[in-house]
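Lettered A, B, C and D in written order, each chain numbered from 1.
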């Protein structure tokens, strides 16, 4: 595989920093943030659709946790969650049991799936000193009662967060947080757009690192990082490779190992679209920073959030959205990268597959676990898939 | 096994008759389009609302369950897996979808395409997928009642309002689809019937507090659960539960238990392995172990702790029932508490946790539950794994080994305690 | 007249073919085989040399070498590497253009592949890392039963009351085999039982690739007539075994080599 | 003097133990035979050998409890118990402080969590895949051309354990052969083999609560290489009784003694067990 040898050293440093952040199970960055601002707190959230704006507005640091990869041996969690449960649930609990979650004062879960939900309450029993809460994200977007219900739910959470931080949140605080995150998400959308148009300029694993860093950094800092990176990336002089263009679907929650993402690319794919932690954008467009901010946030989840297997909108099926995404990114194929035992992703594979076949879009299904470390088999499968598309 | 493990009274016959009658109505609906049918989940079902339209509930779970008990679930499961469903998807869904693909019904009768697919989402995210996929397959209209999960100790005012609002939208939807006017009085009467059925059901469950228990609150309770979901809102249902109570009360008063000598009293957590229902039951019968309470018998409603539907607040009480009063929509810690109360108030010796691979709602985290009961409360607890629908996950020898080892230990510690006190 | 080689570096054996294209028709003119062993490069060299000797040509006249199989990246003198799934599809399609489903049973891995009418891979499913259902299992059983590998197929054909193997693990299955032996079951019936359990496992893989029409069976195990019969009986499908069934991947690699060569020369022609 | 016996019919080896209770409980004799294809014969041979060893007549034995996977095939047994209960019971008797038992036998391994009276609190086992069992080690010994007794000591000498790509008992052979061909030392290969199994076993055992005072039982406990590898992975010392291999049989014999003890007549003992023998 031809790797570009003259990589901008500044870019390289940014990627290294991101990788360090993501691999650091001690959450040194979070600890330092707290040390630098005594009295302020950090609240973790389970991968997607968390109302980070609420945490931010309450003056705390929102941190997205996406498992522990292969960096933690399971000692306790296996006995609690047993077979047939995805890894992220177990590694998250394991982090708690091994004191890795110490820097966090709270933890938010939401109604994405049954395993994650039960995890919330198991955590509650095992870590009574932590504020742990569960957000009921609604599954009936068609009722006019839904946005007000979610707004009430957000207000309930906000009251708890205010108690935790000791900071009363005003509407202006919220609007300010919404604007900051809007800007951040807009940059990420820009990054994804760049990948779709000039895939040689930014590899998927690089973009992944940049985006995932946003889970762990204060939004202001991350926005700056993205701004700089976007500027640098555009000036890269890299040649187009002879690769097929694929959209990756199915890794919205548990994350594939970084090496696996690289391997997919090296086997001959440009990943022009993906759902790694839903690209951290969560909304298709900006959340209006006017009016009643809580209601706007709620309305945005109900009416403007990006599709995924853990969000149900019967007005526009996910499978239609996937086909549209393939067309919009001019992808040749879809690669289902599904976390082992992720039931929502398993279920959706069927209608996705049916619709892709109807639209004549080839696809390949792969399974991974975050602790995976040998990739020979996956590699053979991806290579075969690429070969079946390029050789005639 | 010569052990008589099952009580057979007149309630078993009337239960059969009731369920047969239900299947006949479904069959009629399939051929003539009348009565209207609404498919719905057992957990958090709102049959009372259907009464307002003279509509009949269609429970896909009951079909899946029947298939498994009749050892017919593997074929439809495989058919669904051929379509692309994973080995690790809930087999209830696979069996149901497989049936649809192959046109199978467990009773041989016909099943109608429902007038409305009403996804009463309570707790189980898989329901959403299930109904969404069924709607895609059949083209039937779909409406989701989003029921907020019990994330706080009490249901919130907003939760109830939200559900009531959606119930009313369901009424509108059904009025359009059935071209019938919603009969509010009939709805209220249905709610009142439910209240009475529930009261009787609750009394039945409390009979199991006697030693010996007159029935098995896991294996026998399942027989009584069909009428509870299909008929509780009808006078026939009330009548059925009156007979059942009288019969079991008489048995209790005569001091008759499930076994000649009831050696162990258990609380069961998790659904049973339907494909091996009999075999599984015998594994406990061998030890004369009787279930005095079970969480599975509360998937459709949790009435033994006092909740009743309320004809004075019909919509609100239906909403409350959906939110708060079924085990699937209650959080894990509430389930721990429920089991703890069973152990104490129903005077049990141990807890059996049956991990079913299909159902994350029930099973994800049951290891923590075991930890809580053994470590925190010091209650003997057995953890076994299989499945409620997929026969491939039942390892008979291993399960038997575990159960035997559990009772061997229980017997041993009982004996030691006895010797100590002598 | 382009001359190319295809080398399949399998887990048990390394197989090489030399292919000559005359008037647009490719033809195998030499074959070679070597034990894979530890050194992939060495085994590939050996197999290739054998094939060249077989074809009576010089190494220097080869224009292109494509490699496949699990050791494909280990061959230093390759021009291109392609996965064994792609090459199995190409080779099987060449051998039997009418069939769109392929089953490859090798030493450590069993694969089902669904292909298009032109020989492109559409779906595939493999089971590896577990010996149950692989050629290695048969090799060991043969050793136990003291039957030469070459005779396994014929013996199994002669079974009258096949004894099913219920264990899903090759090792535990061996205990079952011992029990059968001591219960007086014939070697023929045991071998057929093994072939049937292999056939059943293959069946579940084949379902995943939407099997249609006849099946092309390739890989070393295809040499055993008993497995062919077992698959036909159990899965109710007609099985076609190409001549030189274990060289199919090597052939497929060589065919793809020809293609690359052709496209390179057109590029060269356009450039000049 | 009351005499009772326990017979553990394992998949690989059959163990019999004779015990007496004379105020104090003593082991009178032990016997070990290969199970082979005829399970019933193996049980008889082990039992007879054990009687001979103890110098008693079969008629002197008051009660026989059978255990192990072939327990229902023991024609002369008075009762059967699961090997899980027996290993726990035996370990509780010989190593009273034990709270966890790791049993590695010929074709399966299990981990048992044990209470203060030697009762089973919880257990896990692998019995569908032979990866990481005694059989695996026996295969490895065969491929290396050495005896079972030698692999342990040899593996202890390894300093640079190799990494195995697979723990499948069948494929491990080719792995070992290729390492041998690469000129790796036998001790390093074996060291790697033992470590790989130890990791697998520990990850299985972690499904129960691995509490300190871990006792290892089963035939593989005789393999010092495996003991060492387990200790390394667990970062903890293991208790190994000299009777580790006989632990199941010891437990069964203890149960048999208790059944002899009339004052211990309780509950379902007789009715249940005597009739369930026909399964």
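By definition in this document, contacts are C-beta pairs under 8 Å (C-beta built on N, C-alpha and C of every residue); 3 or more make two chains touch, one makes a residue touch a chain.
Just so it is clear, the model here is predicted, and its values are computed rather than measured.
When the C-beta pairs in contact are tallied for B-D and for A-B, the bigger tally goes to A-B. At the far end from chain D, in terms of centres built from Cα atoms, lies A. Centroids built from CA atoms put chain C at 42 Å from chain A. Between chain B and chain C, the centres computed from C-alpha atoms are 51 Å apart. If you average the CA atoms of chain A and of chain B, the two centres end up 36 Å from each other. Shared contact sites, meaning residues of chain A that touch two or more other chains, fall at 78-79, 82. Residue positions of chain D touching 2 or more other chains: 128, 207, 209. In chain C, the residues that reach two or more other chains under the touch definition are 129.
The touching residues of chain C, when paired with chain A in their complex, are 70, 82-86, 89, 118, 120-122, 124, 126, 128-129, 256, 259. On chain D, the positions that touch chain C within their shared complex are 11, 36-38, 107, 128-130, 135, 166, 168-171, 174, 178, 181-182. Per the touch definition, chain A reaches chain B in the complex via residues 78-85, 89, 111-115, 117-122, 124-126, 133-136, 138-140, 142-143, 145-146, 149, 152-153, 156, 310, 312, 314, 317, 341, 343-344, 346-351, 353-354. Those residues of chain A whose C-beta lies close enough to touch chain C in the complex are 376-377, 380-381, 383-385, 387-388, 391-392. On the side of chain C, the complex with chain D involves touching residues 11, 37-38, 108, 129-131, 134, 136-137, 140, 168-172, 175, 178-179, 181-183.
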